[in-house]
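These notes open a run of structures that come right after.
The following pair of complexes shares a single chain, subunit A, combined with subunit B in the former and subunit C in the latter.
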Partner chain A sequence: MFFLRMAFKNLTRHKRRTIITALIIAFAILIYVMTDGLMLGMTEMSFDNIINLESGHLQVVDQNYWEDRKELPLKNLITPSAELEAEIKKTAGYVAMTKRLKFAVNLNNGIDELPVTGVGIDLGQDDKVFELQNYLVEGRMPEADSSEIIMGAKLAELMDFKTGDYAVMLIRTEEKTFNTIDGEIVGLFNTPHPSLNESNVFLPLSTAQDRLNTKGKISHYAVRLSDQNQALTAAEELSTRLEAPLQAYSWKDAAKSLVTMIEMQDIETQVVLAVILTLAAVGIINTVILSALERMEELGMMKALGMHEREIVYTFMGEAAGIGVIGGIMGIIMGIIGLSIFNINGIDISTITAGGDMTYGFPLSGTIYAGWEISSFIFVFIYGIIVSVLASIFPALWAARKDPVKAIYHR
Partner chain B sequence: MFAYLKKRNYINLKTILIAALVSAILVSINLSAAAQTTAAQNLSADEIINRRDENEYVITAYSEAEMIIKNSGRSQTKTMRSWQDKENALAEFTNPRDRGTKFLKRGDDLWMFFPQAEDLVKISGHMLEQGMMGSDFSYQDMLESDKLTDLYNFKLLGEEEYEGRTAYKLEGVKVPGKEVSYYRRVVWIDKERFVGLKEDLYAESGRLLKEARVLEVEEIEGRWYPVHMVMENKLRQNTSTEFIVREIEFNPDLPDNIFTLERLR
Partner chain C sequence: MSLIKLTGLEKIYQQGKIEVPALRGIDMEIESGEFTTIFGPSGSGKTTLLNMIGCLDKSTAGEIIFDGHSINDLDNKELAEVRRYNLGFVFQSYNLIPVLTAFENVEFAIRLIDKHSKKERKDKVMSLLEEVGLGDMAHRRPNELSGGQKQRVAIARALIKEPKLVLADEPTANLDSETSQEVLELMKEMNEELNTTFIFSTHDPQVMDYARRLIEIKDGKISKDQRRD
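After this line comes the complex of A and B, so read on.
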């Protein structure tokens, strides 16, 4: 293990150079850890928003409805029944369920019209599955069977509505006939889910059913489970017990486009990391070449005294690995500090998007917090060391293959 | 007359025949005239609507029209030409801003072609509820071509003076189970000319949604036809759309394959 000791001595011989090279790696790791943490935080928060405000853990829907649910059709609705509810209640980890009816609305303030999504909610049950009422910033929830409505504060601002105003909602019944609901705005909410704030109006389920002539039908059941990780298996299991065409979908199905987007983002992060670490690798190559040039006579002497080429290469590789370890440790310490700052203070999303909400991609608004994942730390640490070692191989080979005589003369 | 002829014992078969024929024709004319006047007095609500529709809804036509869209003080004018037959219609905008924008209606489907993007879009779902080219006519309004008396139960409310003309006032309520946009419509129809003068369209909740008024009618090729009308969306203030027919030709020869998607591009 002579060469390892040598490598260690060489590292301590040029402390400043070692630290500076290690810093390059440390920064690369810091950037990766921060990006990854931020991504993870955004992903978790987006999923939470979808679960807590949009879909619940499970949705029980007619599968024909599911296909064109974005169109908010009034076809293929579900007729609620005690048997169906009893079946849903048997699901492992069941906590609560609620009924919802979604429909297309043209919201009208007398001057402009805006297409939004109307959601009829079962007021006694909805808060057991969803967290909407926690985000009320003004007023209160509608009363059951009334034509009171609540909407996002953002939407209200856009349409110039205040609490107490009446909003005319132009809708089409099941038979495509126009109908209107004069909804009294009794509350405004501001959720961390931007599209909810901008384009959703909530009203009592019975009122919606009555005006849409859906005769007690709903578009879906939303179910809350005790653990979000159960959702996938629970959805499969429940689907087998439901009569066709009914089917249970997990929140992951509901957020399919988001899940795909996050997967793509993940690849993007990896590519960024690869680029940054390549730059770090260039730094390492540079350092190794420098130290090799500096130690040319020394190397020539060692070779003349019978040291193998292989051992010289190992020495340089050990040195590089050392730099990788030092850089990795520094990077992870910096990363932990950086992420802690992120986690304690959070970052206001409006500073990233110059004052606005994110209008695409993540369903997020307000302050975001980074997430932690121990595996990403381990991964980037090992990755850093491997890159350092690999970067040192070629310059080390170049140095080791020098003819001892030429090396000693340094020509 | 016959007695006289018999008396004179002068029977000319030819004279008799002619006389019989003439009197038969006269009687039938008198009868039909009588029938017509009584019918005009006791037309059922459905008959009034159908007579107006026969008058206004042309089967095959070529027309050039102008649309003036007013929205909170701003006004824009669009011109278009259109061809139609029983099932299909094609409209092409000719004003500079929208030149080349085309709409094609085939049965229950509606397509739109944007020349700049060379893009063909099928208008469906809730897009159908938007106003066509920013006007107060929705795309859906353009698509409803079924016979009104099949979709609505009409009732004659009485006769009323409207803008100096005597008009029938009728109310139509949606036939349960039919897919139509407006739950109830109140129509004023000119008693003599059988041209619609005004129409109010209501939502199921009873709210007035749209009001259409005919400002000018003209006699074209023997029928009275509304050439200038205005549509107001009653849910929005200060908006209206005027529709002026500049030229219309009934039963023209339409170019072959004019109502195909290939021709739209």
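After this line comes the complex of A and C, so read on.
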């Protein structure tokens, strides 16, 4: 304790040097807090987009369909039934469910053809699970059982469609025969989920089932729960009650590639942090060496008095820890201020991505806001202290091993 | 039994390829409670000799027996232990810790042998500070003290552990003659009161007058050894 107190007093010897070294650490922490906050914000918003526009909290599908779902097959569809729906409703936290049928479409405007995804939606029910209609920027939702369609404003622009136009949708039925739907565009949407805007066309479920000749089958049920964090356990629990090959998947399963990507990004952030803190460590090493050189006579005295190398090293480690604490506090305060300033207006992601649609693989667009996580503040605070202390050990050992005679007489 | 016994002590410094003999066969015995000065011209080996006795450096040849134990074969760690429990040091440039108060600088030394309770420690440090005449300056930092006062703190720091031996290499070299005498007076007082053995080196004839035993070295050898009463 005495040595620790002495260590903290030592920090007052060269206040400016202490502050500058601490500032380097603070700066590293600031960058980490900002990067991490931004990533967290983007992650949360991406998950929201996936849940609210793509998958719901749970999806009930044939597990064989699930494996090939990216290819939008018309095989392994499920037949809706009252028993199945009753089973789904028993899920803890159940709020609503809806039926969807996804299929491959070649969208034709008379000149060009574009492969897109068609989604048949249960119009009375879909808005209880999804938020698509909140993002209509023009027109209205299709009428049930009609051949009215809506599409992303972006897609419409690309294909030169306006509301009121008819779009020819080429489809292949379950029996591989060709068919077309002449869809009247009654609405355009612009969601924060970019791929939805670029490649999805929505139409009434019954019309899709009819033209695809699926005989009332759907690709999946989408379910909304009261709490997204329950989705994982709910999916497992529901799966046990479903008859094979039916299976429930949570939004996390649906967002698997995103989750993997976020994990990668997380590692990247850690690497960035490690690199910056390594620079900060150089600052600590420099400070400890300077301090030791200035205090040679004192160190010689300490050794003459029989102080152990270990105790001298502890004193320097205590000083470094002190610098780490000061830097950590400054860094976190700076980070909180930085995040607050950032979140006043958020940032339009298109300014980061230079107007492009690529959002580093995140399914989001529009204005993004940073997230907060106390645990990551604590993590980086402790990490900063640990790095400071570790960085001090080597120069402290060098100082502690000085020959006492040489230290006292500057030889 | 003498506190220190040196036999045939030699020290040769290696300066690159050149060998610099600093001590060339020193034989001497110091009894417990003695108040001894080592004097001699510059470069005669005073500091070297004190460092050998103080277990700070190792000899090239010869033997040092401290309190009945040979310290020749001790490693650095063991030497540090000997210093920690048995020796006090007073340096020419005081070597106080500037961020600590006078009180804390003295407390620092006793912390190292920590066998006292907080209260005991406090009382001990305070009474010793009073004895060296700094009772009312306990909470000053070194930069708020004069040279003589600093050296008093250093003497208190050396004595707080009640060591068997206090070594002082030119303790008055940075002080004016009046202050030098005060510091010597204090050391002598402590020697008489606590029966602590003191060995100090000096150039100053005035300072030598305080010693009860004078050892002169020249060229790494003892040239005179005289007791006064």
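The criterion applied here is as follows: the second predicted complex is superposed on the first by the 403 of 411 C-alpha atoms of A that agree within 3 Å, B and C clash if a C-alpha of one lies under 4 Å from a C-alpha of the other, contacts with A are read in each partner's own complex, and residues count from 1 in each chain.
One rule holds in what follows: a residue touches a chain if its C-beta (ideal position, glycine included) is under 8 Å from a C-beta of that chain, and two chains touch if they have at least 3 such contacts.
In this text the structure is predicted, and so the values were computed from the model without any measurement.
For the composite obtained by superposing both complexes on subunit A, the positions of subunit B and subunit C are free of clash and fit together. Applying the stated contact rule after C-alpha superposition, one finds that A:178 touches subunit B and leaves subunit C untouched. Once the two complexes are laid over each other on the shared chain, residue contacts for A:170 go to subunit B alone; subunit C is not touched.
In the superposition on chain A, A:211 contacts subunit B only, with no contact to subunit C.
Figure note: vertex subunit A, arms to subunit B and subunit C, all at CA centres after fitting on chain A; angle 140 degrees, rounded to a multiple of 10.
Using the contact criterion defined above for the overlaid structures, shared-chain residue A:111 touches subunit B, although it does not reach subunit C.
Once the two complexes are overlaid on the shared chain, A:378 sits clear of subunit B and of subunit C alike. Judged by the touch definition given at the top, the superposed model places A:72 against subunit B, while subunit C stays out of reach. For the overlaid pair of complexes, the smallest distance between C-alpha atoms of subunit B and those of subunit C rounds to 68 Å.
Those residues of subunit A lying in contact with subunit B across their complex are 71-72, 104, 106, 108, 110-113, 115, 168, 170, 172-173, 175-182, 211, 213. Subunit B makes touch with subunit A in their complex at residues 72, 125-126, 129, 174, 177-183, 203-205, 207, 209, 235-238. For subunit C in complex with subunit A, the touching residues are 47, 51, 54, 56-57, 77, 80-85, 87, 89, 91, 93, 95, 97-100, 104, 107-109, 111-112.
Residues of subunit A touching subunit C in their complex: 2, 6, 9-10, 12-13, 297-298, 300-301, 303-308, 311, 403-405, 408-409.
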